[in-house]
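Each chain gets a letter, A, B, C and D, in the order it is written, and its residues are counted from 1.
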């Protein structure tokens, strides 16, 4: 068995001026690398990282800071998603010079409406793949990105440069098929989400991508799975039944930021105008988190 | 641990005249009860059973035949779904007189368009619950039925008469939450689908409902899970990765009928004008089924 | 210019015992024929007519009663929608013996889930068309029926027996194309809805299908359009901007029944457990209806 | 009657190096201002303008070029859509210094998934409105932006700074209600699309926003409507039945660029990797356009 991957996407802390708060980022990345034992860190790759607010220069600065703060302890994958393939290529080259080991690229909405065809998707990924020698992660996230069908996902996974897939769907029928038709078939390694982690590992998937502090729970699940302590793995997976799903109407970024703030890894609030969890929501979240492996991080006085 | 439930919905074989073929039904029900060790059989409860084509009299005859053929070997649950609560009540009373142990009722589309409100759904279930003392299974299947939100599902699960839930979604985030908020909370027992079976059991769900011959694979999964042979359970669950998902564009009824025909439990074709799997589709299905626990049912000459 | 068609679908009044109230139906049909000058009446054809609650015998009785009450003053089209094509054929033959001039058939959901293919749809319509010589109306209503694509709609419209189309979509891009590619191309006559009436007529569509009392407003729109009083037609079309859309979350059947009750054509409440409009909703509806051509039907004391 | 507005969004021509081709832009803007008699021009406001590929500096250059090329002949509205309200404010201030008369802001997707709440939407628009004194156009375009409900649209329209609405839906039931509840109610002026133009004007809407050369057809529709030549208006509206809907699977930008190229206003191809219409598609488009008011722009040799 290949060791399952735990790819972690640090949240972006902002200062009062809405610049990236590198001091808070440092603390969080130490948590991600040391406490969660991430096998890879994603820089500015998923929307929950709130990178879309940033100018290209700010985004590059965030990528550079992430790579420097990880400091070669684990591999870094850099998000290069942009409507223009030229900017994606620019970001991929930038990532390469900084020592990144992979890039992540969202399967895009067609900018001018209508779902992209398979030819559109292939052309877009080839336009980027032709200009970088880094492995590419195909990132699937309907909404900000396209809703890619099963056949189109398989076609993209067969591109030689596409070596990982980050799947956001929680549809286990879809994911079961794609793990078999992509990961077990040898086309690319398949990564899913918090709620799908144990089911994915059992089917032969390669791991999951997620923000902290879900990653600390995931570390325990993966360790139990590798140790073949399947009952403990199942009990741990249950810790993702309510968290974060029960707060998703508030959004993943506000929920995960609230969770990190609760466990003593402060990352501040979401970028305005989106609101942080309010007092009642935060208390309810704390109550649930205290039933998980994160409980030990709550001091007697840490409740919201 | 309560023994997980395996609720099986026999397919409906039709004669050339499009009447129910009781002889073929008998053979199939023996397979379901003996070979799959179903813990409960559903009579005319899910769409894959193709009961919607039947007149009310034919439907009652199918219910009666199913109960007689099961012959008290296991419990029978009777589908009572109908746009009119009065007909549902009539069917529930009929089921009671025949010795059924439960009824199953689809959360309905509002007949005159627009999603039903929580009040609509509660009123409909209460209208039936008030006229029967049998336990009711809340059947969730968006498309033929309503797409019921998480809060509305919980509200329905809290009705005293609603004691089981049949969930058709393969959204593991939804199902994880509902297993915790409904099944583990004691409101009702939560049953899912083929693709969700092992994940559901591990989270504390009560089992799954499905047609044969998926039920034979499911029996092996449940037995391995109960025996705490978790690696075998996971390997068996993988047998649901391609089957039946890869043929779902053809529909579940044609696919499962083709599978039963292949393993020597003949049930004929789908009700016209829907087409059976063609030769190539059937051969591809046989190839996949030969990699499952169903392989032993193929004789040397049985391929399509 | 062919005279635009106004196809009206009377609502089904129920007695306290939930039988069809023929006395109330008689009064309503007189209103539809005389006051709305319907060019055709639909018997048990659309979901708003609440026919899905009825047994097949009750449904036939409603069809017979409708035809008798119309009494040859205008043509009657009979709804023959059923999951089984055999029952649809039976209803079509029944309609023929009673003197109906057409039948209406919903493009069906596939009973066992998944969208029907074009081949499925063609096979279903041909199965019915082969057994009747009455013209068939293709009825499109996603939800209770399938969401039929533009190419599939055109393919169905080209079937010789399909001579009318009842389109429920309010997507003017779709409807504009289909009026040109179906109605103006000579394949079938294209009928739309209340909100689409004037736009449809201007593009060359054939009219609309709707329940009363929308049909009285529609009569005025059609008359103004035929008289080339385009500004009056536009002013009248505006009467469909709020009515019934603003009450659609309550459902079309409750809203239209409330409207009929308000204007002195009593039809009672929706079939239980669905609720009638409450007092506040009814008053708000009355206020809007008093701004329409229906105002003259309110007596000084008639407000809800 | 207020004169209906025709807001035109020029397409963005690119050079071989994928820079903005100002020479081609100049020719197109002259066409838009002189031949289409646009009442307002949008700079970098809608996705069909392919502005999302551009860096912020390129986007500002495009805005500046558009304003300079319009040269005060008509008002210019500047698109300021960006995930960060700070960048939107920066663009609004930039637009103000250049003499723009309004800004256009897309109702955004929540960057971290899940539909935005009404509070999210209000907060976002207020964050921008508080920093500019230019009127704001609320731009509704589900997909790139949020799918805003009718109540949320009305709430946004009541913000004092929101003075126009650009509606992308072709749902005439929605649009009819919102024209009454927003435009006729005095909250904001309501603009729709090509396919909805005449229906919108008849209901009291304020006009439409679109790219060229649809705008030349629209100019004729508006002129006929203002002249009360309603039959000519309806005949002209029919020219939008097939164009551009029949090519929308290829995307609006490729279709409209192909149309402009055909009528002698060359704008090149879509930004890669999206493909231009192929030869057959272009010929079919030419055949349809020759049946419209654009026919006079085809020379004997101009066919694709």
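By our rule, a residue touches a chain if its C-beta (ideal position, glycine included) is under 8 Å from a C-beta of that chain, and two chains touch if they have at least 3 such contacts.
Since this is a predicted model, take the numbers as computed values, not measurements.
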So which has more C-beta pairs touching, C-D or A-D? A-D
Computed over C-alpha atoms, the centroid farthest from that of chain A is that of chain C
Do the two copies chain B and chain C share over half of their interface residue numbers, or under half; same or different? same
Centroid spacing, where centroids are CA-atom means, of chain A and chain C in whole angstrom: 50
Between chain C and chain D, what's the gap in Å when you average each chain's C-alpha atoms? 36
Residue list for chain A, restricted to those that touch at least two other chains: 248
All pairs of touching chains, please: list them by chain label. A-B, A-D, B-C, C-D
Quick one: which bits of chain B touch chain C in the complex? Just the residue numbers, please. 18, 47-48, 50, 52-56, 83-87, 109-114, 117, 119-120, 123-124, 126-127, 141, 143-144, 248-254, 270-275
Which residues of chain D touch chain C in the complex? 170-174, 176-177, 179-181, 195-196, 198-199, 202-204, 228, 230-231, 234, 237-238, 240-242, 245-246, 248
